[in-house]
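Following are the structures in question.
After this come two complexes, each holding subunit A, first together with subunit B and then together with subunit C.
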Partner chain A sequence: MAKGEISINNNNLKSRAAFLSEYAAMLMGSGVHSSRVIRNTKRMGEAMSMEVIISNFHKSLMLYASDRSSGESVNILKEIPSLPISFEINTNLSRLSWEAYDGKLSFDELKERYRKLVARPKLHPVVILILSSFANASFCALFGGTWYSMGIVFSATMIGMSSKQKLLSKGVNVFIVFALCSFIASIVASTAVIFKLQTSDIAMATSVLYLIPGVPLINGFMDMMEGHVILGMARLIDAFLLVLCIAIGLSGTMMLLRNSLLL
Partner chain B sequence: MVFTDILYDASFAAVAGIGFGAISDPPIKAFPSIAILSAIGHAVRFCLMHYAGFDIASASLFGAFSIGFGSFIAGKKIHCPMTVLSIPSLLPMVPGIYAYKVILYLIMFLRHMSVGDDNIVYVQAMFSNFLVAFTTTFNLAIGATVPHFIFREKALSLTRVKKSKL
Partner chain C sequence: MEIFWKTISNYNVSTWKIQVLIVLIAAVLTFRLYRRPSPFIKKAMMFFMVLLNLWVAVVYYFVYCSERPYYYIFAAFWIVMALIWCYELIRGRYKFERSYKYDKISYLLYAVPFIYPLVSLGRGMHFPMMTSPVMPCTVVVFSLGVLMSFSKKINLFLVLLLFHWALLGISKIYLYRISEDILLTICTVPAIFLYIREYIDSGVVVDSKPGVKAINLLLLGTCGIIGVVFTYIILKSFNIF
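Showing the complex of A and B:
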């Protein structure tokens, strides 16, 4: 932790509000839709006898907290970190807010639990790689691809997904990664066209679908339907740009193949 | 065989749901529910499209509905938020092949732009594929969100673990 971190024993309004803002930013960063973030944080504030109002944006959030007994209030503006999407953090931190609300934990215990939950290890990248390759191959089957096409999609996803993991861990820009990985996966899948398989178009189409940003797409719609229109739009535009990058990578392959695509 | 067709569809949807879900790091104990929900959702859509004559967009709406309601029931059991279960289960229904065709016909149009009147066929094909892809995705989101509004208060407290009686 940074040098200026508030000491755990300091139980005043400011430290409680700082903890809440970190909690809310962590939820937002892990891909939780806005109304859940607000509800969870308010519930947590309620447990610490604070009234909390939050204003959410795409990259930052503003939190106002006032103490019920003293009437003191504090405003905090917090940057939202860009973290990988994690449903596990979503689940565990939601549960933590209920535990706090039901009065099971003291503030120190709460902070400790929060640190432990956030530091929990993620699924191993190799497991994710294998599972998503199987998923994309089954996706190919759902669209009517043959077993050969499924095999090609499996290997295409494996190569594309592993390059995505490598590039993202090296800190390459996410848009470049998506365009590049879409190109890589579709060029591997284009072997189906070269071998003149019956369902080569399905193999080509499904090879890039592991990249589809499904979570921000659905979160964006949900935010908009729950009244967080601006944030919902921001999420949708974010997702749309990623889809555009996938399209750019895919069209790169299609430009190379041109005439052989229309069988 | 009707039954084996549905089973074939459902089992592949289950594998797809688990795999795409794994990318978003769900809790381990959510995996069985995600598999079942994706299978149910996709099978509902499959049946409606093949045996009841529905189009893909409205069939997806009902598929997403069943996933939304299912995620409420399953979420209650394992104390998971509804979205944690519903979003990975929706992913196998994303209309990828239509999105692909939008790009394919866009490129075909650009390549034939100067070749006379032929190109309008590609514009037509591109636009109709786009409409299908867009409405289907939109319906997926609506279908999964509506149960949130129906269950309102109950949907908000799925992650609350009831205190054991002392």
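Showing the complex of A and C:
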């Protein structure tokens, strides 16, 4: 066995390939761009003395794994789970692939570590609510909003974000959720317009920024630039549809306020 | 500003008898909830909250405040709050279970709707051009009191809407110098802290991070910042700062 390779004597090819496909699907679902998923999975396969080829799609991925010593190979088609974007899972799973590559872990240890990393507790919704509200209020300040506009945006984001959390947990369609939450947040922020406060336009425009699908947009562009054109296009279309839903929600508020799409 | 007080005056002249009736019903239902709560009284209180929110939306905003610009947006807020109470009534999750923790604060909150008119009188205003116990801000404070006394399993969305109304109160203090709304602002910040802390402690969300203590600290810091900003705006609006 070469230095740095994981002992595979007791593990069959299929279970290792199944593990790798699950690992790759988890990365894809957590908002990692394609080339990184492929790099990490190949690195892990290398540690198991396997050649790995991955073909990524928007909702599924196909993994081909071949054992270098026996020449046996296996194909696996895996569905990508719909998960919240997590930089923590992204970082931890990337680190895990390096630890495997450095030969620090057996296959069983690797599976155990993976299971523990994936099962780690998520951030409390109230923490997300508070921090995203502060972030959105900061956006308002960045665009020149006054303290009062920032307060309105803070409150609008809290209300919009809590509706988003609630609706998504109920399994409502994500596009409907985005349009609805954009409408809710902007209508709440419209009070700045009603009271004719300074920078009320900034308050209204920034109240929906917490919904912007930044990670899918960036991933889409990165995939396109790195040659994963089909997946990149799919991700970009998905992200643009979400942006369209945000615009629909915001337009609803504008029409209610001014009977026009201009402030 | 002139339209603001004119609409309030019209509302008070035309509805003062009904307002007295609403206050009496609220007092009886609240008393019964404390002393002899029964499933019927709990449902009646929930139904009363739906009607009270609809009253503000329809009678106060649509009928008497239609001269104000964007009155329909404010009416929509109250319709949404009525719908939330209605949803909780139908779903039967909110059971008006007494928490016993914040009784003293909630008694204080129940008193605030009656202090509102006193503050108006103290400012030299006279009936009908003055605040009364059945107006949006007073209903918000009453709702906060009810939620605080019976705060097991609160609706977070409803609480955040009430918080936003307090923020609007701040703008009225700042722009129109309506000092009555200071009461609403003072009541809301600690109330929001206590509600969300209850929500966190209730364990609705399991297996999350950071720990409850850290989340409570974050919440305390956030409410502290909001409190400082509110105080600054209030002091500045009266040229104290």
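The definition used in the following text is that the second predicted complex is superposed on the first by the 248 of 263 C-alpha atoms of A that agree within 3 Å, B and C clash if a C-alpha of one lies under 4 Å from a C-alpha of the other, contacts with A are read in each partner's own complex, and residues count from 1 in each chain.
The rule we apply is simple: a contact is a pair of C-beta atoms (placed from the backbone, for glycine too) under 8 Å apart; a residue touches a chain by one contact, two chains touch by 3 or more.
Remember, it's a predicted structure, so these values are computed and weren't measured experimentally.
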Broader residue contact with subunit A after superposition on the shared chain, subunit B or subunit C: B
Considering only the touch criterion stated at the top, classify A:188 as touching first (subunit B), second (subunit C), both, or neither. second
First (subunit B), second (subunit C), both or neither: which does A:151 touch? second
Scan A:62 for contacts with subunit B and subunit C and give back first, second, both or neither. neither
Identify the partner contact of A:105: answer first if only subunit B is touched, second if only subunit C is, both if each is, neither if none is. neither
So, A:87: does it touch subunit B (first), subunit C (second), both, or neither? first
For A:123, using the defined touch cut-off, is the partner it touches subunit B, subunit C, both, or neither? Pick first, second, both or neither. both
After lining up the shared chain so the two structures overlap, which partner does A:256 touch, if you call subunit B first and subunit C second: first, second, both or neither? second
Contacts of A:95 with subunit B and subunit C, given as first, second, both or neither: first
Which subunit A residues are contacted by subunit C in one complex and by subunit B in the other? 122-123, 127, 134
Note which residues of subunit A are touching subunit B in the complex, please. 31-33, 36, 39, 84-92, 94-95, 97-99, 101-102, 122-123, 127-128, 131-136, 138-139, 141-143, 201-202, 204-206, 208-210, 212, 214-215, 217-219, 221-222, 225, 243, 247, 250-251, 254-255, 258, 261-262
If we count contacts the way the header does, which residues on subunit C are in touch with subunit A in the complex? 69-70, 72-74, 76, 156-157, 160-161, 163-164, 167-168, 170-171, 174-175, 196, 199-200, 205, 207-210, 215, 218-219, 222, 226, 229, 233
Complex contact set, residues of subunit B against subunit A: 8-9, 12-13, 15-27, 30, 42, 79-81, 83-84, 87-88, 90-92, 94, 96-97, 99-101, 103-104, 106-108, 111, 137-138, 140-142, 144-145, 148, 156-157, 159-161, 163
The subunit A residues in contact with subunit C across the complex are 120-127, 130, 134, 147-148, 151-152, 155-156, 158-159, 162-163, 166, 187-188, 190-191, 193-195, 197, 256-257
